[in-house]
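Below, each structure is written out as structure tokens.
Each of the two complexes below includes chain A, the first together with chain B, the second together with chain C.
On to the complex of A and B.
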């Protein structure tokens, strides 16, 4: 109990105090310099906008969250499958890896409109952009996890004449678990960015819309307070998804008795 | 299992020979140590005998068969320098791995695993995970995994190199007892002279670049070997002799 309370005091309190300070300074700055609301709304105005549009923001956050989670889930499945393909042979990896890097290096904002054009305005387009942005970390980490194997363990399996399937099932895949957790932690944050970028391009209709649409629509009408509230929602959504994935990941690592890779494979 | 290596040469791509003209005869049930400075090809010799690498010339046969044919059904076990356990498997599941890979029926598995664990005094730790064990206990688990298939040939690649002296002495005694019990053929690679003399019936001395066997010292002591043996004058004389050959090999 005491330990838990110390933890709360030690890790939660300092950032909370800092947050309160920033909000206070922000409120002061806007009133002292009389900044126009359409440029910088006061924290209070943001809060009021949030209250006023509460139902819309909640629905938009839900829709963006659904798009991000769908993109993330697809990235997990396809990324792992691609890693499995890459792990089969150096030749396959060498021929395909440059195109995987393309996923990482292409500016997502530049190709999002094209992707939305292909996959349709609306949910499927949003999921596609989110998927493409969050795919790369899963591919690299899955590939690393499947191929970075202690040479002695491979020899051990060879001494007992283990087949390729046994090596995959009993050695490579279990070895990849820690790496996949790392990949998922990086990728889940990207999936939210992807969903919002997708929504900015895809728009949706007036009936159902995500946070990306709210942000573009509100800034278009100079309703900056509403835009700020939507940005806050997207941050909270990102944080919630990241926290959930991290907690789940740590639980898996503890059960698996591994600490995950010492160095994460993030960049090409 | 009888081990016969004849004028074997191993070259790694482009480099000079790791082994050259190595000949070796080990009788069934004999425990032989191989000592030599690091980089002399000791590990390469073990991998050659295990069929993990192929000689570029010369031959290896295990009781008249090729290593790959002879090692089936868990007849061959390899113990590495590190415990080389799967971190996501409990000790018992790690020890069961060779049985799984050899498709031993599940009913016999549990029995074989618990007997192997008893033999290395790890019975109580069957459900622990490698990260919950000390280095010495992890190595015991590795030994249990090696003996679980009741192998005819045991290849050990500096298995106690990373352990402290006291743990190393204890594991030397336990390994000698395991050998005295089942009398498998054993090749024990080490760079620790006292360990080589204590454990084996014969010590082979290797020299580097290219790796070859330059001397052979028979060890006359009976099994089971008493820990007090290490303090006897004859023991010191033998370690001195092996050490002299090693210096000669490096000169």
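On to the complex of A and C.
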């Protein structure tokens, strides 16, 4: 009980107080300087817009979330597979790595319309853009985790005459877990950005729409309050996905990796 | 002054909007953006000659899109020297995808802007003090194009197809609200007719003076459905300014309106020079498209009302109808819908227009 209360006081309270302070200052600033709505909505207006469009925002967040998660899952699978491929030989890594960097450096906004032409409008196009944006951190981290191995350990495995599969399974993969969790934390936020950018170019069809649509449509008619509410939703969505990935990562690390957070149960 | 203090916020917002929304469905291919950057250079070269005269009042005019036939009259006023004769040094700033014209005018980052009537009502609903002072296009050029072979005669025939349409513009939301559109998949408008040409079950938005011509030129067989025939007909390419300008700088607004009206009258008769300037600023727009555009614009500018009362006139009934439609299609809340102060014809009255023409002798 006490520990729970301490946790609430110590972890939850400071950011909550800060949030309340920011909202208060924001409200004060808009009323003191009489800032017009088309520039900045008041927190109250944002709240009202959120309340008024609650059902729409919820549906849009769900759709964008589905697109982002699908892109992120694909990136995890393909990124890890690519890392495995790169870990097989220096030549493969050297000849393909520049193209992996290409994925990272290409301006996604510029090529999104092209990607949509290839993968079609609607959900598939959104997932494709989200996938491309979130792929690179997984590739680099997987590759680094699979290849940066303590030379002594490699020699040890050699001494015991371990085959390539055993080295991969017992040495390289466990070593890569920590890297992969880091990569996943970076790319899960990118997957939401990718889904929103994808939606702007790909759309979702005539009846359903995601947050990217809401944001462009609302800013298009200067409805800043609704736009802010939608932006807040996309931030909360990113936060939710990031929290889930972090918790899952901690759990995996605690089980399978030396670097995981230890519980104070092991006594010397 | 309040609005000056906010000018930097308006600029920042403008930049943020432009950055965050670049690549929206409406934007053309990246190539168009490159040429747009080049266009700025041309504009500056052209303007430097005119800036030499210190007796002229410098004003800026922000376009809502890359220079096109829809801006023709303003370019005619520029190239034929009507602005200069009126004592104005007008610098026309090309727009692009999602240029925040209303925000820039409301924040006084520019003196005048070009925008469609629906955006003016949205802007005023969001406390942006902008007002329409002249509306050259009485009939909205907004249209959909479908394949002739599809047998579609009317909006009600749109079914089981792909429809490429902006997800932001008021007309699109109105169509979506009004039509049943069974089996129609609405996708963002890509800014060209490429998909239309390869897909027989594809319809898309356009401006009547541009997309149909381009599609035909490239071997397509488009049929045009005018959105105005559905009754949704906002004034287009409207000249707007800040509310405070009406009192503080009435003479500048009067000169600007009069010279722009002259420009539009000229453009309908003799568009070549204006089109050349447009082509120079936006090389994507070929001269033959622009020539077709100027021809197609004539009935849109000179409808019955304009024939009787002159180019640029606006009526309360039309503004009210637009406001009602935006409320009906749930784009504006009833409490926000107010056309009072959204437009004024006071700078258009013939006697004032004549008085501001330098070559007309005053009695």
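Throughout what follows, the second predicted complex is superposed on the first by the 257 of 268 C-alpha atoms of A that agree within 3 Å, B and C clash if a C-alpha of one lies under 4 Å from a C-alpha of the other, contacts with A are read in each partner's own complex, and residues count from 1 in each chain.
Definition applied: a contact is a pair of C-beta atoms (placed from the backbone, for glycine too) under 8 Å apart; a residue touches a chain by one contact, two chains touch by 3 or more.
In this text, all values refer to a predicted model and were calculated from it rather than measured experimentally.
In the superposed model, A:173 lies in contact with neither chain B nor chain C. Touch criterion not met for A:85: it reaches neither chain B nor chain C. Of the two partner chains placed by superposition, only chain C is touched by A:197; chain B is not. By the touch criterion defined above, A:256 reaches chain B but does not reach chain C. In the superposition on chain A, contact of A:36 is made with chain C only, not with chain B.
Looking at the shared chain after the overlay, A:101 reaches neither chain B nor chain C. Touched residues of chain A, counted separately for chain B and chain C, are more numerous for C. Common to the chain B-facing and chain C-facing surfaces of chain A is no residue whatsoever. The touching residues of chain A, when paired with chain B in their complex, are 150, 152-153, 155-162, 166, 170-171, 174, 177, 256-258. Partner chain A is touched in their complex by these residues of chain B: 47, 50, 52, 68, 71-72, 74, 76-78, 80-82, 84, 86-88, 97-98, 100-102, 129-131.
Of all the residues in chain C, the ones that touch chain A in their complex are 2, 5-6, 9-10, 13, 17, 21-25, 27, 29-30, 98, 102-103, 106-107, 118-119, 122-123, 125-129, 162-163, 167-170, 173, 176, 181, 184-188, 190, 331. On the chain A side of its complex with chain C, the touching residues are 33-40, 109-110, 112-113, 121-122, 197, 200-203, 205-206, 209, 213, 216-217, 219-224.
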